[in-house]
Structure formats: structure tokens, C-alpha cells
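Look at the two complexes coming up: chain A is in both, with chain B in one and chain C in the other.
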Partner chain A sequence: MRINDRYMWTVFVLPAFFLLILVLGWPAITSILYSFQPTQAGATGYTLASYKSLLKDPFFKTTFWNTVVFVSFSVGSHMILGLAVAMVLNSALPAKPMFRVIALLPWVVPDVVAGIIWKWMYNPIYGALNDLLIKVGILENPVEWLSNPKLAMISAILVNLWRGFPFVMLILLAGLQAIPRHLYEAAAIDGASKLTQFIYVTLPGLRKMIVVALALDIVWEVRRFGLIQAMTQGGPGILTEVLSTYTYKQYFQFFRFEYASAISVVMTVVLLMVSLPYIWMISQEE
Partner chain B sequence: MMKKYTATAIVMAAALTLFNFGGALADQVTLRFSDWHLTEDVWNKSLNEGMDIFQKENPNIKVVQEPVSYAEKETKYTVESAAGRAPDVFHVHAFSLPMFFGKGFAKDLTPFIEKEGPKFLDAWYPLAIDLMKHNGKVHAMPGDYMTMVLFYNTEMFKDAGLDPNKPPKTWDEFLSYAKKLTRDTDGDGKVDQWGFGTVGAKSPGFSLRFGPFIWSFGADYLTPDMKGSALDTPEAKAAFAFFVELYTKHKVVPPGLTAMNPQEVRTQLAQKKVAMIMGSGWTPPIVNKINPALNAFEVLSCAPAPVKVKPATAIWLSSWVMSPNTKHPSEAWQLIKFLTAKDTELKWFVDNRVTSSRKDVSGVAPEILNDKFASVMASQLPNGKVEPQIPQWPEIMDTFTTSLQEAIVGMKTPDQALGEAHQRINAILAR
Partner chain C sequence: MVAAKSTLNTILPKALIWIFLILVCIYCLIPFAWMLSTSLKTEAEAFRIPPTWIPLEPTVDSYIGIWVRKNFGIYFLNSTIISLATAILSTFFGALAGYGFSRFLFRGRKFLIGFFLATQMLPGVLLVGPYFKILSRFGLYDTRTGLIIAFLTICLPFSTWMMKGFIDKVPEELDQSAMVDGCSRIGLFFKIVLPIVAPGMVATILFAFLLAWGDLLWALCLTSRENMITVTLGIARTVGEFRIIWPMLMAGSLVGGMPAILLYIFLQRLLVQGLTAGAVKE
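Moving on to the complex of A and B:
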């Protein structure tokens, strides 16, 4: 039997489509349905109870704002450090491949492993960081990086900066390599300084890549779980509790499947809204 | 002719052998067995030896091991149970059981127990069996059963001028000992050894270590009917403030308390950074593994938890659960029966120093009664108390730990933090 060329596309698309429905669509729909189920044992039907509880939950509100702070500073610092390192790696650097590998190393380390390593680095008794800072004279006494309420979130963000900047760096490096050299040469002939070249050549050339990196990194950082779970479990208090750790707790520790699903749905809606510029940009290109 | 007979006999024997072998293979059942102990060196060796014995006794059952980390076990079993693919037999804390029972993730073991005879359960401590029940029926079998006691380093006691044969008996005495043990040992003007190490992170290990404080002060987390918080009593406030001030006022606990989990605290004991910790049967072998040079089995000693108003301590109880989705319930029961048998429970003690929920092991075995650690733990069973077995317990404990951490780091006073915990726990219970 020969398939008409007009319908041939279905042969290629349908397997992937059904696979996506199975691994993405089905869990997503199940989760949405769960979020509308009543929490009382034996009750049936659908209800908005979990969403109403969310609005009244002070922990959820704090956790939501913690997530905004964690993601904003993480993504912001990733963009700055990622761009800086990408520009260095795009320059005429000796042993460039070696430096590229070194810059990528934090990205290779699994989240939980990174969290455990940094928890030991931050340890006030055995930690290498305090030891180093005391030896070079910056600190007199060890600092409680993860237990000090003023430092816990900053310490988590610093680890996340180290862990996550290579992702942004990779995207921006690809963007930098795509900017034609002659644009820089023309700008130099016109007397543009390095800063002027950066503002009028590099940044416009990277605009699309910056949007891509921003959108993907925001989505990635909102879902960041292992790092915080391994280092602080959301403490001290709930100062480092973020939506991903809070959802995990509700689902796997408290067995509140319906409530955890409602948090997941809210997270998904927020992430979809954040991703809209990226989706719009992709659709415009097509 | 003879050759022909011989050949025929050989062919028949081979056919029979193959047939039987094929039959045996066809009859062999594979069980999935999961336990967080499989990720721990000392326990892993012991469990593997146990499984070898089981498989020799039950050649028709093949056991496939599925290790899981201590922190992730509930996650793994929840997800797999919800998907109908949980291991046939798995190991959890007793306090996790109400959640598993509530979701239908544990098989009713009553039919198997009834087949074993009417006196089968008499070998276990009644409290341990009661905690395995859901709607009056046994849905799990009890495993390790231990009390939390005070472990201390006898050499550090001597160095601080304390008599290692006279451990602190009251919490006031404990504080005075902890102050003496908090010292600058290298003379650089900075404290480098602390009196007491404890868990302050949001970890399941926290409640086990805080139980001896709150219960000994005559307080409790919940009202007797378990419908409300009991944290508004003067006794609860005193216990909470005492624990917080060990860190904030007396500074006898090392820095970084809110991030300390059980393994980090045991490391502090192994590295002689702290002199006393709350622990149980697992403490000496793990500390010995972390730092063999300490000679933990000799240097460490243990004593009942100090007392304020009455002697009280926390009981650790683990449980063996059969998945309701198992396709081989009889074989899974064989495995659970083996894991909780008298000889096996004694092996777990000899190898891992965990006492048993079986009376005919913990109450009579000379190995336990003559052991310097186990004898103290066994003596405390009458003072032992278990955490409330209600589905909301993990959430209540998380709320309590959150407030405690806020008091420890100075975000709130102990009274403010405890007051908030009281209100939030009432809200959880009223939901």
C-alpha cells in the first residue's frame, strides 16, 4: 500500500505527537484534574477548594515572593556573568577550548550534588569558604552562610549563579559568534570605542539570543529544586522556601496531592505568561 | 544393546533435568525489595547476607534489591504506589504509615497473620503492633524498635574534668555539663569544641531528637484527642525556650544549627567537635564508620535522656509494608516474615546494633542485655513515647521546625515563634 504524498507527514508527525501526549499531556491533565478534586476522604466531584486555600495560605504567599527574588537575582546574575564570560571566550584567548570546558563544568554537576558540595563549603566548622576567607584576612570569625537569616537567600543565589551561568553563557556565545566581524571593523573605522561597539553592535546582535536565554533561564530557575533542597530545605524558617520545594513538600511529605497540584498549575500559568514573549518571537520568525 | 540403553538413559536423564530445571525457572518468582538501609555500608552488607539466607531457604523466590536514599524513600514509594508499581516489600518509618494507609498504599496483612496462628503476634511489643494497624487491621509489620538516648564521648568528659561514669541525669545538669564541654582546646581564643550537637534542619531526624526535651518537660505537641495543639502550655514554652537557648544564650551547640542534619551531627561527634548527641542503636556503627580512629565502640557511652519533670524519650519504630499491587502476595509475606523473624532480628542487632520490636529478641537476647548501648536503650522502653500517628503529622512537624528555626536565628522570640506554631498547627488540624 502506498501512502499518498499529501498524507505522508502524518507518518512522521503522529508518533512524536502521541509520545508528547503520553509523557507531557497526560501528566499535565491528571495534575489539573487533581487540583480540582476535593481533599476530604470519600468526597467526589470537582471543587475550587485547593485554589481558595492557596489564597489564604501565608506560607504560599511568602514562598511565591521568595521564588520571585530567587529567580530575579539568579537570572539577572546569570545574564551578566554569562555575557561577560561569553565575551571573554569569544575573544582571542590562548587555550580557548580548555577555558570553555572549565566554564562549562558547573553546568555538568547535578543539582543535588552541587547543593551537597556547597553545603559543606558553607559549613561553619569544616567549610572551605570560611577557612579561606579567614586565612586571607577578610573574615575574623566563621560566618553561618545558610543559617543567618540575612545571608541564607543570598548564599543560595550565589551557588545558583555558579551553577547556572554556563547555560546562558553557551547561548550568548553562540549569538556572539554569529555577529559578522565586519560590523565591528566598520564601527572601529568610524572611531567607535569598545563600549560603543558593545552598545551598538553586540547588544543589538544578541537581542534574540538574550530573549531566548532569559525565557529559558527563568523557566529553568523557577523549577530549580535539588540545590535548595540539599542545602537548606527552605530554612531557616521559610526564608529560602521556593515554589518547587514547597510543592515537593506538599506532595511527597504531606501527601496533599490536590493542593500540590494546585500549586503546580499556578506555577505553570505564571511560567506560560513569562514565556509568551519568547513564544511570540519564535512565531514571528516563522 | 547396552550402549543403546545407556544412551537412552542419558537422554532421559538430561530431558528430566532440563524439564525440572525449566520447571523450577518457570516457578521462580521475582520480588522487588526496597530499603534505605541498602545505601548504608554497614546495613547493606548485613542485608545482603540476610537475603542470601532467605534465597537459600526459598529457592523459588528471587529478590531484586532497590536501594533508595533515606530522604527520598517516601517520594519513591508514593510515586510508585500511585502508579501501581511500588516494590513488593518496602521499609518506612512508622510515622509515615498513616499517609500510606490513608492512600491505600499498604496491603492488609490480616489474612497472612491469621494463617500463622492466633499467637503469632504475641512475640511483638503490643505498642509496636498497635501502630501497624489501620481500621483495626494490621497493615504492616514492625521492624527496628529503639529509644533515643544520650551518647557521649568519655574521653572528652575526662578532658573537661567530668566523670564519664556519671552522665547528666537532669536537663539542668546536662546544661552545666554542656557548658564545661564547650571549650577552646587549641588555645587560639576561639571555641572549637561544643558540649552538645543536635539536628536543627527540617529533617525527619529532628522530631526524634526533640521528643526527649518536650516530653520530659511534661509537655506534648498535641492534645490527648489529637484534635488541637498543646503548645500553649507553660511546660511546652519551657521546653522550647530551653532548646533554643542552648544555641542562642548558652552557645553550647555548634554554629549552623538550622542546616544540621543527623549525619552532620554524627560527623561532629566522630570528629570530636561535640561531646554529646541524642542517638540510638545506629549511632556507634555509623560514628565508627565516619572516623574509625575514634574507636567509637570503646570511647562512646550512653545514658538515658536527661529528665526535667518525668523520664521520657522518643521511640524509633520502622515498619515493613507489602504493596497492594504485588502480584506475589504469598512470597512477599514469606519475605516479610523472614525480615521480622526472631533469628533475623537478632542478626540485625548483632550487625547493626538496632534493637527489635520483638519481645523475644529485645527482652531476652543476651547479646542485647549485655551490650552497653542496647541495654540502656532497652531499659528506656517503658519511658518511650511515639510521635502522633495521624496523617497531618509531617506537616505539623514541618510547621513546628519552621517556628523553632525562626527562634534559633533570632527572627522571633521563643514565645512568639511557639505561639505561631500553636496557631498554625490548630489551623492544620481544623482543615
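Moving on to the complex of A and C:
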């Protein structure tokens, strides 16, 4: 059997496509169907009951806002620190590869490991952080980083800053290196200050990278699970509970499959909306 | 006076940059130093007040303990088998799809590319519930096979981008001349294109390996027996125990994170391209 070369793409692309439909499409659709199923035993048909109880659930509301806070502060701080470190590493500097590796380290360990190291760092009695900050003179008394209700979310975000900024840095560094040097030289000859150069040369040159970094980072931070699960399991109370850990609990601790599916469907819709510009940009370019 | 001012103008920003860089390095490294230090302590010393930074009586007991008193050997074996099988499968299918996307223009190509991209955006929690039920129905709950299937959802789209990026760099004239010589598309893919992108394939396999290695969610939801769980789940379970033995947990975390640390450092140049679907080329 010979296939016209025009149609040979099917042989290459379709196996992966059907595999994805099988391992990903099928469960995804199953999950959507769950979310519309009635929860009472014996009841059939489809209902919006899960979505209605979602709107009434104060825990969902809190978890949703926790996620918004966690993601926006994480992503915002990733962008700022990531850009700052990328710009430093893009300048003339000795031992650049070494600094690059050091700055990448927090990103490469598994989520669980990151969560556990920080749980131990934050330990109010035996942990390193209080000891260090007291020695340096920043703190006078030990602080309960993860159990103080006012601090728990901030502490979690600080860990996530540590964990997530390296990837933004890598993307933006790649972007910075692609900006032609003569643009800066031309701007300097015209008398542009460093700040003006940053606003009119650096930022426009990085626009695409910033879109990519923002989209991917938002998606990853919304999905972030292992870090919180290992470090706080959503506590104290539900102060650091985010949508992914909440959904997990609904599934595997309370066995409310329909309800958990409804939460995850809401998450999916949000994530797809956030990443749409990115998906659009790449599929048009290719 | 003027000279002094201009030196100050050049020295001060330099100094600030160095201070900033050193602070960033401290921020990045201190948790690792603390992990290493704790892992070398005795259990009693880990609970000393104030904490010691350099162990008073350094010991490697914890590093022995995780293999002897805990089942780290089994966890490591499971993680290795599962991650490697996922990586090889996803890279193989990813290479095929990557070649298809790289070489052919066809109707619906943009849609398919968009589909592959969108699958990377789905949250794991959308899928774990159905997976639990589906795998249970087929007797695959709590098996390595079940996790391998599940990890394909993370690794396959990623491998496709990565392989497409490598195949894009192979000149298409090679394909054309091979076909003129009577070679079929499939033949030239296996005999000409794959050998050329072999280093890229190895990199893709290693990355997919690491994606699977670092997961917790899927392992937590789809396995439970002690002899089926992965390194990350093994570590996470230790945290849930009534009495946490921190030196051992830190030793376990360091050993469990080591493959990732070493491989990522080794592969960092290629990382950005694969994770951004080629939108960022280094």
C-alpha cells in the first residue's frame, strides 16, 4: 500500500493525536460529564447541582480568592525578580555560567522537595530562617511563619517566589540576548539615559517573551500542587488552600467526585482563557 | 573632583549589582545548605536550640537509613521504571508527530498545533478523578502501568515540541534527496532523520523523565501500596508521619532531588525551547 506523500502527515501526527485523545481527551470529557451528574444515589440525567453548590460553598470562595492572591503575587514577583536577575546576568560579568546555575537550582528540584525544605527552614524553633534573621538583627523574636494566620499565605508566596523566578529569568535572558546590541548603542548616541533605553529598547524587545512567560507561569502557578501539599496541606485552617489542593481533597478525602469535577472544570476554563493568547500566537507563527 | 565623581558613578552601580547578585545567590542557596547540613546531623542535633549550621558530629547515618530502614530502594526503582517508560514512549510518539508538524502543511495543522498546546494547559486535577475510576475498572489502579499512562498526558505534548524543534533544524533537502533515491517517508524518518536528531532525542527523553520524576499529584491519587509508590510520594508520606525524623527526610529529599538537579544543569540550554513550544529560541 502506498500513500500519496501529501497525506503522509496522518501517519506521523495521528498516532500521537489519538493517543492524546485516549489518555487525556477521554478522562477530560468524563470529568466534565461527572460535574453535571446528580449526587443522589439512583438519580439519572444531568443537573447543574454541583455548580450551584459551588456558588454557595464559602470554602470554595475562600479557596478561589486564595488562589487568585497566591497566583498574582507569585507571578508578579517572578516577573520582577526574574527580569532583574536576567538583566544582571546579561551584562558583562565574570563567572556567568556559575551564577546561572545557582539561580536555576530552586526551579529544578521536585515540588515536594522544595515544599519540605522550606517547611523545615520555616520551623519556628529548630528552623534556619528564624535563627538567621535573628543573628543578622532583622528579627528580635522567632516568627511562626506557617502557623501564624497573618503570615501563612505570605510565607507560601515567598517559597513560590524562590521556586518559580528562575524559569522566568531563563526565558527573559534568552529574550535579552536576542536584542541587537546596536539598538542600545544608537539610543546611547542619541543621549538616551539607561532608564529611557530600558523603556524604549529593552521592554519592546522582550514583549513576546513576556507574553510567553506570563502565560506559562500563570498556568503553572494555578496548577501548583506538590509545594502546598508538602508544606502546609492548605493549613492553618484553609488559609493556604488553593484550588488544586481543594479539588484533591474533595476527590480523595470526601469522595465528592461530582463536586470536585465541577471545581476542576471551572479551573480548566480559567486556564484555557488565560493561555488563549499564547496558544493563538504560537499556532499562528508555526 | 570631576574624576572622583565619575569613578563613583561607575563603581557604585557595579557594587550595587554585585550586592544584588550575592543576595540572590544566598536566597537561592541557603535552603540547599540547610538541607545538606541537616541531613548530616544526628536526630538529637537536628533539634538543638539554637540550630547549628555546621554539624558538630557529622554522620552519614541518614543516607544509609533511607535505604535500610525506609524503602527508598523500592521508591527509586519505581520512579526510574515509570519515568523512563513514560519518557521513551512519549519521545517516540512525539518524534513522529514532531516530524509531521515540521515537514507537512495540511488542512487543520494550526488546529492540531493549538490542540497539542491546549492539552498542556489542563490542570492535573481535572484528570485524576476519572483516571482513578478508569484505572480501577481496568485493574490498573496502584500499578506502574497506570502511572505510565497517566504521565503521558504531561510528557507527550512536551516531547512533541521539543522534537519538532530539533527536526526543524535538519535540512529538508535531505528528505527530498532520500526520496529521489527511492526511500519512503517512513524509511527516511527512521534511517536518516532520527539518527541525526539522536542527541536531541536523548535530551527530550531526559526532560520527559524529569517531568514524570517530579510529579506528586498523580502518584498520590493513583498509587497507594508501599511497593508501588514513587520517590516523591515516599518523601511526602514521611512528612505525614507522627514523628518526622528530619535528618533522614532531608537526606531523602537530597537524594530524591539529585537526578533532577544534575540533569537540569546538564540540559539547561535546551530547556527553554521545549517548555515554550519553540516560541523562545536560544
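In this text, the second predicted complex is superposed on the first by the 281 of 286 C-alpha atoms of A that agree within 3 Å, B and C clash if a C-alpha of one lies under 4 Å from a C-alpha of the other, contacts with A are read in each partner's own complex, and residues count from 1 in each chain.
The criterion applied here is as follows: a contact is a pair of C-beta atoms (placed from the backbone, for glycine too) under 8 Å apart; a residue touches a chain by one contact, two chains touch by 3 or more.
This one's a predicted model, so the numbers in the text were calculated from it and none came from an experiment.
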Simultaneous placement of chain C and chain B on chain A, clash or fit: clash
Partner chain(s) touched by A:F252 [first = chain B, second = chain C, both, neither]: both
Partner chain(s) touched by A:S264 [first = chain B, second = chain C, both, neither]: second
Chain B versus chain C as contact partner of A:K119, first or second or both or neither: both
Touching partner for A:E144 - first (chain B), second (chain C), both, neither: first
Greater chain A contact set [chain C / chain B]: C
Partner chain(s) touched by A:G237 [first = chain B, second = chain C, both, neither]: first
First (chain B), second (chain C), both or neither touched by A:V23: second
Chain B/chain C common contact set on chain A: 119, 125-126, 248, 251-252
Residue numbers on chain A that touch chain C, as the complex places them: 5-6, 8-9, 11-13, 15-17, 19-20, 23-24, 26-28, 30-31, 34, 81, 84-85, 88, 91, 93, 99-114, 116-121, 125-128, 131-132, 162, 166-167, 170-171, 174-175, 177, 208-209, 212, 216, 219, 222-223, 225-226, 229-230, 243-244, 247-248, 251-252, 257, 260-261, 263-265, 267-268, 271-272, 274-275, 278-286
Parts of chain A lying in touch with chain B, wherever the complex brings them together: 39, 41, 53, 119, 122-126, 141-142, 144, 146-149, 231-238, 248-249, 251-256
List of chain C residues in touch with chain A within their complex: 17, 20-21, 24-25, 27-32, 34-35, 38, 46-51, 53, 93-94, 96-97, 99-101, 103-104, 106, 109-134, 149-150, 152-153, 156-157, 160, 179, 185-186, 189, 213-217, 220-221, 231-232, 235-236, 239, 246, 249-250, 253, 256-257, 260-261, 264-265, 268, 271-272, 275-282
Chain B to chain A touching residues, read off their complex: 74-75, 78-79, 99, 102-103, 190, 200-203, 254-259, 264, 268, 271, 273, 391-392, 394-395, 398, 401-403, 405-406, 408-411, 431
